[in-house]
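As structure tokens, here come the structures.
You will see chain A twice below: alongside chain B first, and alongside chain C after that.
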Partner chain A sequence: MNQTLKSIIARFGFLIIIVAFVIFFSAVNPVFLGGDNLMNIVEGSAILLIVALGMTLIVATGGIDLSVGIALDFGAAFAIVAMKEYGFGWYGAALIGISGGAIVGLLNAALIVGLKVSPFLATLGTFFIGSSVQRIFTNGGGPISHRRMPQEFRDLAVGDVFGIPTEVVIAAVLVLAYFIVMERSIIGRRVHALGMQRSAARVAGLKVNKYLILCFVAASMTAAVGGLIASANIRMFTPLSGFSYLLDAIAAVFIGAALHPRGRPNIPGTVIAVLFLGVIANGLNLMGLNFNTKDALSGIILVSALALVVAQQKLRH
Partner chain B sequence: MPMPASARPESGASGLSRIIDAAPLVIFLGMLIYIGFNAPNFMSFGTMQLVLNQSVPVVVVCLGLSIVVMAGGDDVVSGGIDLSIPATAVICAGIIAQLVTNTDTPLLLAIALALGAAMFIGIVAGLMVTRLGMTPLLTTLALFVAVVGVTKVVTSSRRINVDDPFIIFLRDGEILGISAGVVITLALVLVFYHFIHRTKWGLNLQAVGGSCEAAEISGLKPGHFLFWAFVIAAFTGFLASFFLLARGSGSSPGTENNLMLEMVLATFLGAAFSPRRVVTLWGAVLGAVLVAALSIGFKTMGVNVFWTGLIKGSLILVVLALAALSSRVKS
Partner chain C sequence: MSASVLLMQDIAKTFPGVVALDAASLSVRPGEIHGLVGENGAGKSTIIKVLAGVYHADDGTVSIQDTPVSPVTSEVIHAAGVRFIHQELHLVPHFTVTESVFMGQEITTRLGLSRRLMCARAETFFRDVLDVEINGDILIRDLGTAERKLVQIARALIDDQARLVVFDEPTAPLASGEIEKLFRAIRRLKDRGIAIIYVSHYLSEITDICDRVTVFRNGRDVAVLDKVDENCANELIKAMVGREIDALYPKSGHTRGALVLQAKGLGDTGYFSDISLSAHSGEIVGIAGLIGSGREELIDTLYGLRPARTGEVTLHGKPVRFSSPADAVARGMVLVPRDRRRDGLVLDMSVSENINLASLEEVSCYGIELRNRARERASRQIRELDIRPDNPAIISRQLSGGNQQKTVLARWLATRAAIFLLDEPTVGVDVGAKVEIYQLIENLARNGAAILLSSSDPGELIGMCDRVLVMMRGRITHETSAVGLSIDQLVAMTTGASTQNSAEGHADAR
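The block that comes next holds the complex of A and B.
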């Protein structure tokens, strides 16, 4: 009996928790399970999902990126300024925004590969510098709003493709791209290899530095796409707003990794974890709790969920 | 940057590598001297006192982080790190402030409850890391968020003034002409130093962090030391809460983010100052004081506050890169 219970928990523990939360939230508020609200959850998770994809890649290399928020901010800032000050169309602005994110990734790569600073401290430094640059540029952190942005750019956040919100479509395309590269291609194998056994990968002739540079730049550019959507949504650039995605992105990657049979960061796991976080955030919102209570509860749920998936992973072995 | 022990030859340091060794510290001191020449009031007893007072809460949480890093190894992602200490400090400050100011609870009872909360956080962190085998970085980051969330419930996200005589004494009192907070912190540093470097338990803890496998073979239980390191770290968070209350004359929301960044910076900057590039207690203390000195120095020089983060960030990266470079020159 004990053994069967254990094996059930080992295999379906996290799933049971998700289902339990869904049942609980829909019991408290029937609106929760409505089609509109389910789409709300997916839509509300799109930016976090995009940021978490890049983070998955970085964690797979054995590093961490504390500056994804900065890349997101830069994406938003570059795009908004390109449209507002220089009259770029939506397409040009999006490209410039993504290049803005690439700058952050290049700085990280230079520090990590060139100067051999550890990813944690290098990206922490980038975080300091990037935050300061935003303060200088906006004279202390005032938002830059651009009410009359091209409709096409605005549609990145509020438009739809065949009835599916554009941001969800963008996130889905990126998920697919990341899935193919990380889980189904030789590049992905190599990235995992250098994350698991860097010296072995180097001995085997892998160009470790090249892959590290590519990964850090790709992760920052992906986060910048999230920034484009965020800025299109509120039609402004709010300095330092990307920071709020950092912890959730890291948590999602590690929850996802714990769901993997060998504990590796992986794209399907990250997607499930992001949706779980989305369900919790949305459900707590619908419960109409006080803002402070909501923060406390979601924090406690996050810690418990992490403990649970790791315990579940341990039970499997 | 911390390197595995095997990559660090101990003897035969040439003149060149000795110069590069000292470079991180020299850069910092050079910067301070530069500030001293450009801001006339900087090199005064009053400013030094201010610098020390500002750095006191950071110094105390740095003690905790150093011990966790020593016990868990210095790889930031997979080794020992505890980001939850600042959140522990903030929730303890919140509990004490809320109870003493808004409910007339006696100070001692409030302190006891805060200590209980801190111990709970430390035990949870320790169990999650040692029993479940979770990554310390992730565990303590998640705990940080949860604890900050609970703090918001405790204080309703409001600023709470505290005018208890003991807290006022920590802020304004003096022992032998030096501010009480600084003297008490110095005593704390000495106690921790003795504990880590002069007791068997402390030396074993360092052995476990230095090489987990070797320590295990010689009969030490790494989990035991790591667990207690997290509990001690939470305890330093509890101690730091008094200095936070004194520095801010009460508890204010949002203190935790800055404290966390400064704690991490100071501790790992401290590693760059140490000849072997490992996290040490004195390195962390020195790091905390120097970072505070720079911040205040820039302020007295009249540098625009928006630029401070940029200068600080760049400087720190330069120091870390130099430390990494010197490790490579040596090996």
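The block that comes next holds the complex of A and C.
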């Protein structure tokens, strides 16, 4: 393979694939490229995107968060219960929901920073604890529905701001905030440093523990925002529903990292990867494939994408 | 017998933006110890990695025993009996010593892997060839740097097939006692007819052990010395840096200011105990001691990397208790760590990012990084310390060893730290750069910094310090003025061969 082709693949390999998929799907079904459908993709990706933002931050610290789903559930549960049982307005309920997520993050941080448990095991532990807490409080996993929730809260999922769906606006604001913090601020610089080489970051005088706590709490609070939207959408809290976002969020972060010239987890990469996953899901849907085939196909596409990631990183060296 | 075991001719290698090698040649005769010297970034490690098949040369030929090798791959080179002790330690921290030594060359019996046999073989090798006792079941992460180096050596030599062994700065992490051991091992290899390439910045080592020497400069071989004795150090320096260096150490004469750092009765079970020391503004205090003397742990404790079990530390007269380096840095105390690749630099970050890492506030506005200011600040430091290549965007991993060290120094010199803990600050640094670093340290002292210089190089301690503390088995056994101290005296103190205390040193320490 010649050098320029190699470097093009190394830089843009993944983007080429995305474009190829878009062309393919729109060739199969012209509806795919319609404005409505594209907005559908974006809207349908909003919650995953929000969860993946937090995950990007965690992976940048060199860790992983298996409990983002729990944080999402807690966000939904706390908000719904606050409205239904305690009559909170939408604003208070949202804050309470986000605090619910913070509890999950604090537990993770306590295990990781306090007890020196590895992030993988700590968040796995939180995942188990959080799952069983939900089952206990819902008598085995029944949903808590709240049909007459305040319209403002409901609007988090179904409303719009100047014609743009509210959830997309929320996701966009969070993307911007994460982008500034992770890619432009000195906090982001420090987080990347401690994620890449903890010992060197420590010796350079960075407050490693402080940043770890901060990151795990922030990631959980962000996931909880996803939970607010999810619960507003279906007007209920369904226990353990956050889990479905976990693997996609992790995949998105790693695909996104592969898009970075130095392989770092990064916000633009995560956004592109989430949209890619959305495109695949939506495109396969429009092709009218049955549920099982669709899952298998998206699995194959994901694995190929990750293989490409590895190949890309090799090409860079 | 052939005229050369190894002949590398006109090797060229370019990295994006950097010419690492530009027609460099190297020829090694059978059974000789061949020195390879040159400034930081001269291309020594690169030519060795070309030989190892790690990098592919853009141009040039390689022959082993007069047989051309092409392409140069690690398999062919290994089969030809060439072994490498690379500058960087590539060991997996959670492997045992035995696993590390035999990784990829396990001994199998009909019953599968034979752990016992391998362990015994490894331990025997350490005992017989390297003359050290290392337990084969210990984890790599529990070993000190010196022992890790020895594991690396064992790994290269355990299969007994070596005909040419390449040592890339093997003594950098070692103390004088271990260096002796290593030299004995190297001479023993030579006696078995094995040829050796020996890369080092310590010219005394080169003149001590080598039969012939090749000098590299800017990616080329600029001189070959066929006869090596103690008197050719100057000739080597001149060939290396292109000029003569008359004094390695800047002429010192410090005016001692206020007491800045004081430790009383500091102890950490099993590592050191009852350590009392002080450092004044404008003073350079040396700490000498063998590996295992507690010197490393003491420095780490002062910096908050490990907790002190007993004792207290005061800064500017106020008691302090650092639970992490962040506390130390906040109080103006900084550390240049001995293992720069692990603790000094975030290797995958750029030089600019690394230089600014400890003072990000200064290159930011409301927490947002000002990239231009950051780059300018880094460039200024790069120019000041002559870090090469002078590109702030280059990834630190790609710098040569000495330039990495300068980058660590650059980070702290740019802060307004008042106390510098320097742990082996010139390991792997070329003579030219050493002189520059010594001058930087000297300037720091002159500007009123208090400096604690921990080193295994007695010459450095005597040349740079006002006072030297000698540690042995976790205690300070001597405290002496560096004036008039001879290298032999200092070595005798560190090894415990001398026991009399220097009263004069004690007197002026209070």
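Just so it is clear, the second predicted complex is superposed on the first by the 313 of 317 C-alpha atoms of A that agree within 3 Å, B and C clash if a C-alpha of one lies under 4 Å from a C-alpha of the other, contacts with A are read in each partner's own complex, and residues count from 1 in each chain.
Simple rule for what comes next: a residue touches a chain if its C-beta (ideal position, glycine included) is under 8 Å from a C-beta of that chain, and two chains touch if they have at least 3 such contacts.
What you see is a predicted model, and the numbers here were worked out from it, not measured in a lab.
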Overlay on chain A: chain C relative to chain B, clash or fit: clash
Which of chain B and chain C A:I234 touches, first, second, both or neither: neither
Partner chain in contact with A:I136 - chain B first, chain C second, else both or neither: first
Which of chain B and chain C A:A193 touches, first, second, both or neither: second
Touching partner for A:V117 - first (chain B), second (chain C), both, neither: first
Partner chain in contact with A:V161 - chain B first, chain C second, else both or neither: neither
First (chain B), second (chain C), both or neither touched by A:L206: second
Superposed model, chain C segment overlapping chain B, candidates 56-64, 92-100 or 308-316: 92-100
Of chain B, residues touching chain A in the complex: 1-2, 76-77, 124, 128, 132-135, 137-139, 141-150, 152-153, 156-157, 261, 264-265, 268, 304, 306-314, 316-317, 320-321, 324-325, 328
Chain A to chain C touching residues, read off their complex: 180, 184-187, 189-190, 192-193, 196-197, 199-209, 262
Chain B contact footprint on chain A (complex, rising order): 62-64, 111, 115-122, 124-129, 131-133, 135-136, 139-140, 247, 250-251, 254, 291-293, 295-300, 302-303, 306-307, 310-311, 314
Touching residues (chain side chain C, partner chain A) in the complex: 303, 305, 324-326, 328-330, 334-335, 337, 342-349, 353, 357-358, 360-361, 363-364, 367-369, 395, 411
